[in-house]
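Chain nomenclature is as follows: A, B, C and D, assigned in order of appearance, with residue numbering initiated at 1 for each chain independently.
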Amino acid sequence: MLNVTVWNENRHEQKNPVVRDVYPQGIHGAIASFLKSEQVEVKTATLDEPEHGLSEDVLNQTDVLLWWGHLAHNEVSDEIVEKVKKRVLEGMGLIVLHSGHFSKIFKTLMGTTCDLKWREADERERLWVVDPSHPIVEGIGEYIELEKEEMYGEHFDIPAPDQLVMMSWFEGGEVFRSGCTYQRGKGKIFYFRPGHETYPTYHNKDIQRVITNAVQWAKPTDRAMPVYGNAKPLEEIKPKN
Amino acid sequence: MLNVTVWNENRHEQKNPVVRDVYPQGIHGAIASFLKSEQVEVKTATLDEPEHGLSEDVLNQTDVLLWWGHLAHNEVSDEIVEKVKKRVLEGMGLIVLHSGHFSKIFKTLMGTTCDLKWREADERERLWVVDPSHPIVEGIGEYIELEKEEMYGEHFDIPAPDQLVMMSWFEGGEVFRSGCTYQRGKGKIFYFRPGHETYPTYHNKDIQRVITNAVQWAKPTDRAMPVYGNAKPLEEIKPKN
Amino acid sequence: MLNVTVWNENRHEQKNPVVRDVYPQGIHGAIASFLKSEQVEVKTATLDEPEHGLSEDVLNQTDVLLWWGHLAHNEVSDEIVEKVKKRVLEGMGLIVLHSGHFSKIFKTLMGTTCDLKWREADERERLWVVDPSHPIVEGIGEYIELEKEEMYGEHFDIPAPDQLVMMSWFEGGEVFRSGCTYQRGKGKIFYFRPGHETYPTYHNKDIQRVITNAVQWAKPTDRAMPVYGNAKPLEEIKPKN
Amino acid sequence: MLNVTVWNENRHEQKNPVVRDVYPQGIHGAIASFLKSEQVEVKTATLDEPEHGLSEDVLNQTDVLLWWGHLAHNEVSDEIVEKVKKRVLEGMGLIVLHSGHFSKIFKTLMGTTCDLKWREADERERLWVVDPSHPIVEGIGEYIELEKEEMYGEHFDIPAPDQLVMMSWFEGGEVFRSGCTYQRGKGKIFYFRPGHETYPTYHNKDIQRVITNAVQWAKPTDRAMPVYGNAKPLEEIKPKN
C-alpha cells in the first residue's frame, strides 16, 4: 500500500466560482479521486488546516506528497517547509504541480528563483514527450494537447533536470520544460507544469495518467539513510613522514 | 510476467576448470537462477547456439536482456548485434555486465571506445552508492564489498551516464564508475561492473539484489513508438512573403 | 591560432539554383567566411574531393570540424568516418549542423537512430535559450527568430544531451532540442539544428554568433590522452586467503 | 581583465600555528598569489572585515568568487549570503573549496544538506580525471596525488553534478565526487574537494592549475539577464469557444 498526500492551497476554490465550478471538491479532491486505487491510499491536506494539514505524523506516513499552491506561498510556514524538505531528503517523493514552481518547498530544494514567463490567454498547449523510455509517460502518446491553458515560458530558472521528460509548445510562441525529474538526497522530485485553476486540466485523462505514473516513480526506495560525519577507516592507513 | 533473457558467451566455462567450479551451470545459469520468480520468466542464450540463441522470436519476446561476454566479442555476428540494438531502441531493457563493456552491442550503443584500465590481482573492491534514491540500490547498504575482484579503472571511455548510481574503490589505488544508467531511444540500459569469471561475484547476495532491481528498472515502458519522418502541421502556417 | 575545417557535402549547391543563389560560395564558404579571424584559421573540405577533403593530415591539423550533409550521407566512406570518429574521441571538436543529424559520423557517435519529424513549409522557428549561463549563447538574446525554416520535431532520437542549450518552437505546432552538447572521449560535440539549404540561415548574425561561440567552446583541451589497458597497482595489494 | 575575489574565513590561520606555518599569508593569500596574472586581477576578502569584505560594490565588480570556510559558517550573515546568491544567479562564477561544502552559500544553492563522511588521518588521496575533455583539467595528468589529506567520503549529499570532472580515491577505503560543475541561473559553480588547512594542498602545482582553469571556466557569459513575469504573446492566439 502506497500512502499519498495531496496538498492544496485551496484558496482559489473559496474565492472564485469559476474554479469551484471546475473543481467542486477542490483541486486536491479532484487529484485524490483519480489517484485512489486498491494499492494507493490517498489523503488530502490544505493550507488552512492546523499545521497546513502536514503534521509530523502525516509527513512520516506519506510516501509521496503532491503540491499545488499559487496565491499564498508566503503563508506557508517556514517550519513546515523545513519539515517537508527534511522528509524529501530522507526519501519521500514530491510532485510539484503548475504554480507550485514558486512554492517555498520547490525553491528551497532547487536553489534557484524558479522564475518564468507567464500569460493567461486561453491558449493551446502541446506537451511533447522527449524521453520515450520514461515510466512517467507510460500509456501516453507522442504529445498531450490541452485546448486552453495558462502559458509558462522559458527561461525557467531551474537547475537542469536530471531527466527532461516533456517539453511544451504554446500557441503564443513560447516553449517550456514541462516534465522534469530531480534526485535530491534520498528523495525523488517531479515537476509537472499544467494545471491552471480555471481550466479542467486535472480532468484530462492523459494528465491524470502522467500524475499517476509519477506517484509510482517517486515512491521511496527502501534502504537505510546514508551515514554522515566522522568515519573510521575501512583500510589500514600507513604512517607518513 | 516479465520475460528476461540472460546471454552469456559461455567460453571460459568450457576452457577453465576454475570458472566451471565457481559456476557449474555457467554464469548464465547462475544469473538465471537468482532472477527467476513467480513474476519473472528467465531464459538463457549463449554464443555457440544458432544465431547465438538470439533469434528474432527470442528477441521480440524479451523484455530485458542481460549480457556477459569477454573472450569472443568479435565472434558475435554484426547482424545479431544490429537486431539487439534495434530492439533496445524500441524499448527492450539491456543490462551489460562486467567485461561486456567491450561487447559490440555496448560499444555501438555508447558511441565511444568503452576502454578502461584493468588488472587481475585478487584485490578488494568496494562499490559505494552515490545515488541513494535510485530503485536499483533498493535493499543495498552504503557499499558492497567484494574481497577479490578484477580491477577496472578510470578513465572509462563512456558517455557521462544519465545517472551514476555506484562508484568503485579498488585496493590498488583506482576508482571506477561502476553502476551507470542510460536512456537510448525507447530503451533503458544499465552497466554494472563486477563479475570476473574466476570469482564468485554472482553468488553475492548484494550483487544479486542489484541485478534483480536493475531488471525491474529496465523493463519496457508500455507506449507506442514515436513516429518519425515527414509530418503534417498541427497548426496553420501563415504564408510568408 | 585555432584551426577549423568546415566540411560540406556541397551537392545542393551544384543542383539547385535557389541554393546557389543563397550561398554563392557554398554553405561551407558562407560559414568559413564568418568564422575567419586573426585567431581562427579556416579551411573547407567537400564530399567530392579526394578522401572527401579529410585526409589524415587535414584531420590531424584540425582543432574543430564543422559538418553539413544531407543528400549523400551514404556516399561518405566508412573509413573516413572512422578516422573522424577517432579524432573526435582524441579531442577534436565537432559541430554538427542541421541535416547532419543523419550523417554517419553523428549517428555512430550518438549510438541512436538520430531520427526526427520534419517538414518543409516556410514556417517560423524561434530558438529559446534554456541555459543562460552557457558560453555558446554569449551575445545572444532570449531567443533567435528565423522567419522561414524547415521544421524538425520531437521525438528526436538522441541521447539526452549533457547540456541542453536551446529549444525550438515551430509555427506548425512542434518543439525540438536545437542546441545540444555532448562529451565523447576527449572530444566535445555540439549539435545545432537550423540551416536548411534554401534559406539564408547562415547569413543570420545570431546564428553566426552561436556557431562562432561553439567553435571556441569545442576546442581541444590540452592534455595527454588517458592510458588504457593493463595497469600496475599504485598501492600495495595484500595477499588474500 | 577578469576580476576575481578570494574569500576566506581566515580563522584557522589566527588560531593554529601549524596552519599559519603552511599559509603565512592565509589560505586566501596563497590562492590569490597563484591566480594573479596580467589578465586576472585578484582581491581577497575575509569573514572579520565589515560585511565580510563582500559589500555590494565588491560583489558587483567580481566576475568569479572563490570560497573557503570551515569553523564559522554560521557567522556569515544571511543577508550577505543572499547577496552572493543573487550575484551567482545573475552570472558571477563561484568556486567552492573543500570545507566550503557546508557553507551557507553552497547549501542554499544546492538545496540539499551537502553532508558527507570525513576523517583526519594523514591519508593519501588520488583525484582521478573522469571527464578528459573538460577545460578544468587542461594540463592535468590522469590523476593528482596528494600524500596527506583529510578524507571526504560518499555519500556526498549534493544534486547529481551537471558534469562530474574528478573522483577521489582515499587510502582508508572511500571514494568521493571531487570535481563537480553546476549551472544555476546565469551563473556557473565548481566544487573542488581538496584543501584541508593543515596540509600544503594549495601549494601543489596541479591543484593550482585546476583552480586557475576553473576560474576561466566559471567566468560570466556576456548576455542580458532573461526577462521574467507576464509576457505578451509573440504569435496570434485564436479565440476558443
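Following the convention adopted for this analysis, contacts are C-beta pairs under 8 Å (C-beta built on N, C-alpha and C of every residue); 3 or more make two chains touch, one makes a residue touch a chain.
Nothing here was measured: the structure is a model prediction, and the numbers come from that model.
K.L.:
Moving step by step between touching chains, how few steps can get you from chain A to chain C?
P.N.:
Counted as steps through touching chains, the separation is 1.
K.L.:
Between copies chain B and chain C, are the contact residues mostly the same numbers or mostly different, with half as the line?
P.N.:
Result for this pair: same.
K.L.:
How many angstrom between the C-alpha centroids of chain D and chain B?
P.N.:
It comes to 36 Å between the two C-alpha centres.
K.L.:
Counting only Cα atoms for the centres, state how far chain C is from chain D in Å.
P.N.:
Computed from C-alpha means, the inter-chain centre distance equals 32 Å.
K.L.:
Identify all positions of chain A at which a residue touches two or more other chains, and write them in rising order.
P.N.:
126, 129, 131-132, 142, 153-155, 160, 162-163, 171, 173-174, 183-185, 226-227, 234-235
K.L.:
Which part of chain B faces chain A closely enough to touch in the complex?
P.N.:
Interface residues on the chain B side: 91, 124, 126, 129, 131-135, 137-142, 162-163, 171, 183-188, 221-227, 234-235.
K.L.:
Hey, which residues of chain B end up touching chain D in the complex?
P.N.:
Its residues touching chain D are 126, 128-132, 142, 153-156, 160, 163-164, 167-170, 173-175, 177.
K.L.:
Give the list of chain C residues in touch with chain B in this complex.
P.N.:
Residue list for chain C touching chain B: 89, 108-113, 115-119, 121-123, 147-148, 151, 153-155, 157, 159-160, 162, 171-174, 182-185, 226-235, 237-240.
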